[in-house]
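Each of the next two complexes has chain A plus one more chain, namely chain B in the first and chain C in the second.
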Partner chain A sequence: MEVLQLKNVTLTINDNHILHNINIDFWNGYVHAVSGPNGAGKSTLASTIMGLEGYREIQGDIIYQGENINDRSVDERARLGITMAWQDPARYEGLTIKDFLMASAKIKNEDNIRDVLASLSMNPQQYLKRALDKTLSGGERKKIELASILVNEARLVLLDEPDSGIDVESLERIFESIRLLKKRGTTVILITHSLAVLQQADHAFLMCSGEIIDKGEKEKIVKYFENKCIPCPHKNIPDEWEPAVGK
Partner chain B sequence: MKVNYFISDIFYVCLRDLKHYLKQRVRIMATLIQPIIWLVLIGNLMSGLTANPLTLKFLDAPSYLDFMAPGVMVMTTLFTGLFAGVRVVWDRRLEILQKMLSTPLSRTAIPLGKIAAAVVQGNIQVIIVLLTALMLGVTFKTGLAGIMVILIFISLFCSIMASISIALSVNIRNMETFFALMNFITMPLMLTSKAMFPVEAMPGWLKFIAEWNPISYAVIPLRTLVTKGWDWTVIWQSLIILCFFALCFLAGAVFFFKRARA
Partner chain C sequence: MNGSLLLENKSDLIKELLEASGIHSGMHKDPETAYLVVHHDKVVGLQGLPGLEVEPQEKSDGIHIRFLVKAGTHIKKPVYLCFGMMQREGVQKILMDVTIEKRAKVNIFAHCTFPNSMNIVHRMNAEIHVENDAHYSYFERHIHGDEGGISVYPKAKVVLEEGAHFKTEFELLKGRVGLIDIDYECTCRALSVLEMMARISGRGDDVIKINETGHLLGKSARGVLTTKIAVRDKAKAEVYNTLTAGAPYARGHVDCKEIVQDQAQAKAVPVIEVNDPKAHITHEAALGSVDSKQLQTLMSRGLTEDEGVELIIKGLLR
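Coming up: the complex of A and B.
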């Protein structure tokens, strides 16, 4: 059964089709990956599903658990069980990490928050009291963002490049969290152009220039990576353009 | 359980804004110095000008400084309250609002938490004004109990102003527009009220506006408490009117915040 369906979704900004006629079924309880080169429209797809400001005026339909949610606002979608970890987490300044996670949690329980931090190889002792500000490293902020998703206990989780800025050891912990989410029955949508993250998925979609150009078992999509080939003509680059250096 | 969570949501939003406020040293210094300038400069100057029996009858107070101190408290609150919307505009710019909205945090708790933070700030600043006024020799007829009641009035008035600010901020995307709008509102609001000048000295049309100006509802009971004493008719009347307005404006702020597109 699919938990989320996009039907002929087109998003036009300034006459550009950032998303073009997207049709996707995300099956319930699966880990999905959406992959593709820079600028393919992956983050835009996530923002559209979450219903962020500027991404609400779409053509087509977004169906969540059988209900059309086109007109639902971000917080309404959040209440229906959709949540998202940003590619570049907002500088949510002013709270301590503990308060931030408490505010993000569905069940406000400090032990729970400690467990989640520990599971991302962050020592709760060291981090809970720290301010959520620019003194945190990029990777730490990414992990706190992920922690806020884990305590949220949503039904559908969008993770936009969960691996960016993350070290090898922590990446393994993040993969464990993804497996944990799956075990809880959460549907996960991974947005990535990393082979390692793609390997975590059950099923994958390949995106290019705002279109879904292939889908299937992850092995099938992995092949594109191995061949280092982008199968569609790059619409972003005009035909007549040639790099000066190569001549 | 649900109510519990709602209150803690308000608490976190409020806490975040307050911590941010306490970090802005320059802003705090400025807001502390400004009322002192009002009281010391304008207050003393006008005290000299108005120290004759006729004008004192207009003022109906021991001196212009006594007359003005409640006005300065209300002005300070006005500015603090109207500043509340800045945080909404900022949070939206930094995409923090989107993040907040994508969590289980209650959407109603966001404006309420921000208004609560403004009320705390308003009280802090009014206490500073109170202390300055005391040092300048203003006598509070109703003493410490009166000061407590003054802070209740200040809290109600501040929540009204913060509600207006937040309701206006929801569709504003940049700071400059926000400040222009707030400037546009504050000056006329201030000058057509009973805060700075006695209503008896105003021409008829201005008198009429001043009667209806929301600032007057906060200034009059404060002035009564400072210069006259426990006049319960004035206090109860203004308290009921301000409570009513505060509830309406809070509901309005929540309504507009929830209706906004983001």
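Coming up: the complex of A and C.
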């Protein structure tokens, strides 16, 4: 059963169709991937689902658990059970990691926060008091972002490029967290152009130029992505490009 | 003065003032803690320590305070200065003459407490001399009432001799600012270090004026001027930070951040001047609303916009 549906969603910014007639059903409890090359519109799709500033004026409908949420603000969508991890997470002058995680947590329990940090190979003793600012590396900040998602206990999680800036050793921790979310029954939407991340999904969509051009089992999408998107014939050799949709 | 002075009939007043300041009321019973408590125009509590001379005098133009730490003396525990008024109206004027002699070290916790202010003027004029290799740290917390009927004029002229270290931090986060007009100027000799920070939150029709100046005149002198302000409603903030460098290897930085909400206004004028080719000064200023990405991240975790803004400002002013 679908938890989130996008029906004919089009987003136009400065007369450009950034998203064009998107129709997707995201099934409850599945790990979905939205894949495609840079500039395909994947992050824009995530921002539109989350209802971020600048991504609210859409045509079409976003239906979450049977309710049209087009007019819902970011925080209202969050309180309905949707959250999102940014590709390049924000940093906060003066706030500690503990401040941020406590603010993000559904249950304000420090022990729970410590457990989540430990599950990401981050020593709570070392990290809880640290500032959430530019003294953290990109990879550390990325893991803190994921920790905030885990303690938030949302029902639908958007993870935008969860592997960017992450070292090989930490990547498996990220994948374990994705599996943990699935085990909890959380619906996960991975925004990615990484084949390794795509492999974590049950089901995938392929985007190109603001459109969904294919969908199905991840193996099928991986194959299409490997053969048709690297390099991208759509941009580099337009005559050879054959969109999969309708074939 | 070494020893203590507690006016018996003022003990309740001291307790009330300390509690309003957020200071543990048993502080003045600790024989190893030096303190000075001034209520309005009267000295109501005083305790010195060996190597520390605190001599207040009640005069017609205000309280004159001679504060001296003798050469080589390290005061282990913070020295508490508490200036305040529990009444709603009045004028308090403090004139401080501070000398930290060579190699001495002292940390001051100053609390300026006016919890019921309706029509109060608080003036502080300080002349501060930090001698060679001495350390002087001055943390000043203001606690005002919610009505905003107060005008505060802190002024200081500071001289740092060779190798001296001066750190000052001004905090006004509780209660209304009213009008505050800070004017600090510091001259820095060779190898000295200056750190000035102000953290202020204004609302209503509060007016915040800050004028901080550092002159890095000695070789390898260093200075950092930091200002963090949040203004909302119709509050106004003007910050003039000036840092000059006139000697080789002098290094400095000016940093001003102001978050503006509602109809509030903020202005920052950083002035940096270098008069030696081997000196270096930088500045950065950021004025405006809260960062959209920071706010939307918090909102995507379920915080309302107001809750998110509060948390971001709390972090900035921390």
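Descriptive notes on the structure:
Convention: the second predicted complex is superposed on the first by the 226 of 247 C-alpha atoms of A that agree within 3 Å, B and C clash if a C-alpha of one lies under 4 Å from a C-alpha of the other, contacts with A are read in each partner's own complex, and residues count from 1 in each chain.
Simple rule for what comes next: a residue touches a chain if its C-beta (ideal position, glycine included) is under 8 Å from a C-beta of that chain, and two chains touch if they have at least 3 such contacts.
For clarity, every value in this text was computed on a predicted model and none was experimentally measured.
After superposition onto chain A, the modelled positions of chain B and chain C overlap sterically.
Using the contact criterion defined above for the overlaid structures, shared-chain residue A:31 touches neither chain B nor chain C, since it reaches no partner. In the superposition on chain A, contact is made by A:93 with both chain B and chain C. Contacts of A:174 after superposition: neither chain B nor chain C is touched.
When the two complexes are overlaid on their common chain A, residue A:56 makes contact with chain B while staying clear of chain C. Of the two partner chains placed around the shared chain by superposition, chain B is the only one that A:108 touches, whereas chain C remains out of contact.
Looking at the shared chain after the overlay, A:74 reaches both chain B and chain C.
Shared contact residues of chain A with chain B and chain C: 50, 52-53, 73-75, 77-79, 82-84, 86, 89-95, 99, 103-104, 106, 148, 152. Those residues of chain C whose C-beta lies close enough to touch chain A in the complex are 257, 291-294, 296-305, 308, 311-312, 314-318.
By the touch rule above, chain A contacts chain B in their complex via residues 50, 52-53, 56, 73-75, 77-79, 82-84, 86, 89-95, 99, 102-106, 108, 148, 152.
Taken in their complex, chain A has these residues touching chain C: 50, 52-53, 73-75, 77-79, 82-84, 86, 89-95, 99, 103-104, 106, 148, 152. By the touch rule above, chain B contacts chain A in their complex via residues 5, 8-9, 12-13, 15-17, 19-20, 92, 94-96, 98-105, 107, 261-262.
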